[in-house]
Amino acid sequence: MKLHEYQSKFLFRDYGIPIPQGKVATTAEDAFEIASELGGLVVVKAQVRVGGRGKAGGVKVARDAEEARRYADQILGMEIKGLRVEKVLVDPGADIKQEIYLAITNDRGAGMPLIMASMEGGMDIEELNRERPGAIIREHVEPILGLQNYQMTYIASAMGLPRARWRDFGTVLAGLYECYLQSDAELAEINPLVITGEGALLAVDGKVIIDDNALFRQPALVEDHDTSDEQESERLAREAGITYIKLDGQIGCMVNGAGLAMTTMDMTKLYGDDDGIGPANFLDIGGGATPEQVAAALRIILSDANVKCVLFNIFGGITRCDEVADGILTAYNEVKPAVPMIIRLQGTNAAEGNQIIDAAQIPNISSAETLTEAAQRAVAAVKQGA
Amino acid sequence: MSILIDSGAKVLVQGITGRQGGFHTKLMMEYGTDVAGGVTPGKGGEWFEGKPVFDTMRAAVETTNADVSLVTVPARFAADAVMEAADAGIRLIICLTEHIPVADMMKVLAFCRRRGARLIGPNCPGLMTPGQAKVGIIPAMVAEPGNIGVVSKSGTLTYEVGFAMKNQGIGISTIVGIGGDPVIGTTFVDVLEMFENDPETEKVALLGEIGGSAEIAAADFIKNAMTKPVAAFVAGRSAPPGKRMGHAGAIVDGGEGSAEEKIQALEAAGARVAANPEEIPGLLA
Amino acid sequence: MKLHEYQSKFLFRDYGIPIPQGKVATTAEDAFEIASELGGLVVVKAQVRVGGRGKAGGVKVARDAEEARRYADQILGMEIKGLRVEKVLVDPGADIKQEIYLAITNDRGAGMPLIMASMEGGMDIEELNRERPGAIIREHVEPILGLQNYQMTYIASAMGLPRARWRDFGTVLAGLYECYLQSDAELAEINPLVITGEGALLAVDGKVIIDDNALFRQPALVEDHDTSDEQESERLAREAGITYIKLDGQIGCMVNGAGLAMTTMDMTKLYGDDDGIGPANFLDIGGGATPEQVAAALRIILSDANVKCVLFNIFGGITRCDEVADGILTAYNEVKPAVPMIIRLQGTNAAEGNQIIDAAQIPNISSAETLTEAAQRAVAAVKQGA
Amino acid sequence: MSILIDSGAKVLVQGITGRQGGFHTKLMMEYGTDVAGGVTPGKGGEWFEGKPVFDTMRAAVETTNADVSLVTVPARFAADAVMEAADAGIRLIICLTEHIPVADMMKVLAFCRRRGARLIGPNCPGLMTPGQAKVGIIPAMVAEPGNIGVVSKSGTLTYEVGFAMKNQGIGISTIVGIGGDPVIGTTFVDVLEMFENDPETEKVALLGEIGGSAEIAAADFIKNAMTKPVAAFVAGRSAPPGKRMGHAGAIVDGGEGSAEEKIQALEAAGARVAANPEEIPGLLA
């Protein structure tokens, strides 16, 4: 679960990390009020959970409240990478002397939290990593032991932080680690952590991603979850408990298992890419999906107007294909999709399943033997329909 | 022989009286796996399918001398169950449970390493050495005994490939489902090393996916330390960056973990990479 | 730092462990009031920090408030093993079906917290350990990892606790571990932990000892420190920052270093025991004691009327014996003790030190060469004085 | 030779610019100990007595290749300092600091074990291999080179015994002050084992005290695994139960840890136990 910038920074504040005294506005008028209160230069920042807001025109420096209102008006409602801006953060301008990068993330390979810090903050960490990897200090934390003081000294010293800032930096780092730990974050990033003209540290931008598997013990974060920039279809899927991700193609995919679902997407692209044809979504219906869930999934797939064909790919292991076939027919009868549907059942009771589909004699449903055949036929169906 | 398990493995099921645990215990026993018993705290002294149920792993191990455990308990209890198994002296722990927080897994993994226990998973389908034993949920029908080692991050994709191999008369030494979570107990490299050292394994099929860099590490290992041929498939070439594809670990983030870079690395290491998993049997023939 | 029973139990309550609803009384009248409020049977318990209160008559069951008043009147002011009872705890009587022993302590050898639990609670754990060691379940906790759920299940199961009590026991044990951890306890003991007639768990007696080295981070416990039963001389020493323990003998000892201080005590006993002569105290003045501290220590030693001779034993390593000799003379001139004093200086600048002592020509001060000689002369001085 | 340290030991002092650290650094250098430098966070780049001061142990070890460290920082920072040393690859850490909470030490000890570092102390006077090197605060004057190993829980008592030996012309291979805290890094048994395996050590003097059961474990070791003669003294025969005698670990509690039981065990194991520490040189002659 990705938090917005404002949520990330407010969370940081709870852990003793200094942040700018800004507020969130949902209207240009609110932005004007906030900017007036703050006085002086302010920054109006689109609250959407994607990178590159600045380049997209979603971050503007306003000299006064009037200008803040004008910028907020421009930014609110703007679409950035397909996400609509519903909120802006109005922050006071900071007197930036130095920008630091500081983040804690899960290092998968090591199975340990990893702290990354650099005096060259402000820019994208991936970019920095490509260009000057030596400028990033990396320090693992033993997951059972937690962050130790000597590690903080090491990081501050190795990154070349001025000594006068070590103590404050230690407070920020300890706070960020505690935040990462207590929030079950997979990423807690401050970029930039600014040293101001007066030598104070200030977290000017923040990004926190929470481990979805840990949400059960993060009720406060779940309650504050702000999905204002979420796509409609993904919201519906989330509410139905289905893992669905909208893509740009024409072939709606319904598959059991995440790896097989990705593979099915890949196959439609493998055979359709030359004609501009590919997957319309990722969708994993999991192991024991009920006909109701299949129906809900089908509705979500079809809510995407781009979808010209639906491809079912089910490998029956413990799941029996005949039961899945029954489920698909029930769902079909409920949703009645008009687009062609290719159904490929394999594994346990695949023959029986295919028989059920065939016996139903629904004109726009046909069964395929292999995944290759199914993908190719789905591509062909889209081409025919075009 | 095989890697990790054979017909001599004595297995305890943690959560044996649960719905999933009980169901798969029966299937494992049908397959011939030597299930020695199980654990459900508070149900010690009961019996399940003729096997003793214990309150604690310590009691279960003391009584049965089992050396393998299968963890089927819900996510909130799974980390504790894995540590209990490691603490009781289990050498090989297979954790099916999905949705375990990463923070918990990092602790569990450190604990298992200290106790000298190998963890497979979590969020994995488990292991199968065809014709000998299976521990987990891999369906019996997807493989026959043979000389191809299979290692995979994914469940149904593995069944698909195993089944395709079986239909072409290609048998399997051991299937290892390592799971698609970001932090897992056993990696591609660990399993490749075992297959490399296993006299009964001639070739290896590796099924990867987007996210993380485990396939890159595997490519390094293949290049530097493997003599046996490897055929591979990497799922997620059509997945957009920044979106999590079902598995908690399947996300291309900050340009890292894309299918392209993994495929390139594997090919550069000499693995034969299929664009379509149905080609895998052909690459192994 | 040893807590009183009532403090231990009130601390347990803060960690979710059920305790009886009793209160502390400092007068018999208070005890009557508390017993009246509670109604029914009550237990009046002397609050002194030694074992064996029951045998000494410090714990009485009263059938009503009137009897509680009578018992409180008897117990308050009573001396138990040299400690005056200043407070009693008036607890409601518990319906005891089973007594459990439960404690967490530091296992020195293993360097790990150790949980001990037994269904045979109520009796002294050392006694139980001698008689039926198999009745005690022992479980180590990894200090970095902390107590895990499976360990609680193991303990409950191995000790033979009825299943219906496992969940409550887990709550008590988790609370006790948290209490042990957060309080920097070296012992957190519930004995007995009672199963009542209704099947509830209740911590009827409790004992907590806090690691003195950790008091700097336990301000709340330090503030509540109840020294009402402390001996006067030990209180004075504590306030002066000196490690002093009063003993029963006649030779006051002042030594640098704890091991050497014990050894000096042992030597006085070795040579004096046949004549009933031995050490009057343990006292370590440490490495860099100032003349003021030596004087304070001397006053504390002499506050014990049993002291018939003072023995200084100083091994000068980094410390120079001549400086120590100066300090002793300064202290002497301030305190002017009348009892004989034997001063033994050894190590760095010992000759110079002895010269200083001898040159002062104080009639009741004499110097000795070896520890053996010093101890023997101290014993002789006591015999002479007798 | 000696155990634990010899003239080749390269030592870093943690807290070198502190009062105690600086004072003993000078004395160690005078003795001939190879002090490679020290660490005081925030003072990296300065010099102390011609030796470089670093901000972190990692930097200090990288630059100097030191293998031993002496921790002289205050109690609140000492646990962190020991862990820093262990994490930086130091093989032998001597912690002088007293008043470290036991809970912190238990964590530190587990960490040191995992990192393969040996900890001596805390709350100990350190080590001395007479004529070669000393790390800690043991005064130079208390010992000459020789063939008696000395291991002790106590400071001044050790100096007393060492000095008495010196006055009788008995030399010492190594003195190890293990400290009187309840939880310590290196026990009597650890040191006895080293002395048993040290060709330069012929006999051993062990100075114990009340509290805990380390002397009982030592007696077991002497009985079962030692060929070299051991003379011992146990302080605290006149100490009452339930009272802590200065050292955090020196308390007879619940009938455990009395001088009598320790003396009995040592005598039963064949050690010669002195009633008076001034008899020790005679028992070793």
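All chains are identified by letter, namely A, B, C and D, in their written order; residue positions are counted from 1 within each chain.
As a convention for this text, a contact is a pair of C-beta atoms (placed from the backbone, for glycine too) under 8 Å apart; a residue touches a chain by one contact, two chains touch by 3 or more.
Being a predicted model, the structure only gives us computed values, none of them experimental.
Listed here as common contacts of subunit C and subunit D: A. When every chain is reduced to the mean of its CA atoms, the largest separation from subunit D belongs to A.
Distance between chain centres (mean CA atoms), subunit A to subunit B: 27 Å. Subunit B and subunit C have centres, each the mean of its CA atoms, that are 55 Å apart.
Distance between chain centres (mean CA atoms), subunit B to subunit D: 49 Å.
For subunit B, the set of residues touching two or more other chains reads 107, 111. Touching two or more other chains at once are residues 144-145 of subunit A.
The touch graph of these protein chains has some other shape, matching none of line, ring, star or complete.
Those chain pairs judged to touch are A-B, A-C, A-D, B-C, C-D. Taken in their complex, subunit A has these residues touching subunit D: 145, 148-150, 153-154, 157-158, 163, 166.
Within the complex, the subunit B residues that touch subunit C are 41-42, 44, 55-59, 77, 80-81, 83-84, 87, 107, 111. Those residues of subunit A lying in contact with subunit B across their complex are 50, 106, 108-109, 111-113, 124-126, 142-144, 181, 184, 186, 211-214, 216-217, 243, 245, 247, 249, 255-263, 265-270, 278-279, 282, 284, 315, 317-318, 346-348, 370-372. Residue ranges of subunit B in contact with subunit A, taken from their complex: 27, 75-76, 99-107, 109-111, 137-139, 141-142, 152-160, 163, 180, 182-183, 187, 207, 209-210, 212-214, 217, 233, 235-240, 242-250, 254-256, 259, 275-278. The residues of subunit C lying in touch with subunit A in their complex are 144-145.
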